[in-house]
Amino acid sequence: MPATAEIGSTTWVIAAALIPEWGEGPGAPVASRETASILNASEREAHASITVFFQNREPIGPYRVTVPARRAERLCFNDLEKPTPIPHDTQFACLIESDVPIVVQQTRLDARRGDAAAITTIAYSAN
Amino acid sequence: MPATAEIGSTTWVIAAALIPEWGEGPGAPVASRETASILNASEREAHASITVFFQNREPIGPYRVTVPARRAERLCFNDLEKPTPIPHDTQFACLIESDVPIVVQQTRLDARRGDAAAITTIAYSAN
Amino acid sequence: MPATAEIGSTTWVIAAALIPEWGEGPGAPVASRETASILNASEREAHASITVFFQNREPIGPYRVTVPARRAERLCFNDLEKPTPIPHDTQFACLIESDVPIVVQQTRLDARRGDAAAITTIAYSAN
Amino acid sequence: MPATAEIGSTTWVIAAALIPEWGEGPGAPVASRETASILNASEREAHASITVFFQNREPIGPYRVTVPARRAERLCFNDLEKPTPIPHDTQFACLIESDVPIVVQQTRLDARRGDAAAITTIAYSAN
């Protein structure tokens, strides 16, 4: 049986996030995505609360995400709707707080290159 | 004589992994790879156990990898076969546990750009 | 109401920074940028002091940046003017010191690819 | 006067390094580089010792690098000659040990894209 464990941190930050808006004609991809990949390696369901910060306006949130035990979730910022969608082409940062230790990695995908990832980094873990 | 030491951690996580599947005709590269580069700088052989997590199914593993003393191993997820190959075009996360401290760095290679690396990050070390 | 907290570190380093200088004709982009995205998730205004180090000359600075409470700032090295602009096409490192904990992520943008980010990494936090 | 301080760690690892070898005709770039950017923010000269590890052979080194006080060095692995050049197109890992705390960031440059960086990550700090 594979290993499981409570691995990671309960507080994570991505400081440089952006949902790209491609508008270069009919061939423009619609699938470029800003994502946070979340691993919950534990035996417990993880409940994450996400706050999104901007340069010139009040933060919005919390967005709620549930990651089942022993699962890897791919949170796509493009798809968040409640409390309100995140504006495109706007730099933002996000704070992810979970009741169970998780690991968070940022990836921005550029669909124009065949779903190749453009950038990635392990997020900052605050504790 | 070069230095050797027990450097790193025994528990590592890559949260955003993906084996790309290129299918764009006869010129399509077959060598795009998701890899975990592992340094064992110690004088002891390291035995690593890898568990792979998914969004919608049970984790699989453990995969077993041995890294000799004073060697840098390049683990290619495409090549893992036992207990079962990792599905392509599917996001996964992996937990790497070793009996000797190691250092793990993720790299995804895009063979269409002359073996240039597309993305890299030091993995998350959990202890 | 979204969460706020004093998250991060007061000392950060980006070791490999560079303001690209594109000069490939009339279509050359002028918007390629070296940036440090800074999250101040706290309730207090953060005052950051930035020192820039070079290979062959004395460091310059401090540059001063203020990040309001609960805001994500995007510091563009291209735009710094006081005490002196940072030379282009020259490798530099920077030390960012803040009176309030912040999180810093480096991103270099290559405007020739539609504002897609070329590289990113969470900066090094020194405490 | 800008700030100076002993910031960073004395032990660093890059696990996934590679000196690219481009050989695609007369237009092939010769300047693609694997680099480690090193910040010595202290008032003391730093003496770094670098050991290079491979998959199938004994490690080589130490390579010696001196970083003056308050300087940012860009160590290019392509240029190392003593005790022996690092083979191209061969994965390697490196251990960087310094007598003064430093910060290390890996960057691989792809000269075919106008000196844009292809990948970067803060290296792993072991203490």
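Letters A, B, C and D name the chains as they come in the text, with residue numbers starting at 1 for each one.
Note that a contact is a pair of C-beta atoms (placed from the backbone, for glycine too) under 8 Å apart; a residue touches a chain by one contact, two chains touch by 3 or more.
None of these values were measured; they are calculated from a predicted model.
Relative to chain B, the chain whose mean Cα position lies farthest away is C. With centres set at the average Cα position, the gap from chain B to chain D is 22 Å.
Touching two or more other chains at once are residues 106, 118-122 of chain C.
Chain contact topology: the protein chains form a single closed ring, every chain touching exactly two others.
The list of touching chain pairs reads A-B, A-C, B-D, C-D.
Chain B meets chain A in the complex at residues 11, 13-16, 18, 20, 22, 24, 49, 51-56, 58-62, 89, 91-93, 95, 97, 106, 108, 110, 112, 118-124, 126.
Residues of chain D touching chain C in their complex: 2-5, 7-8, 35, 37-39, 41, 70-74, 103-107, 113-122, 125.
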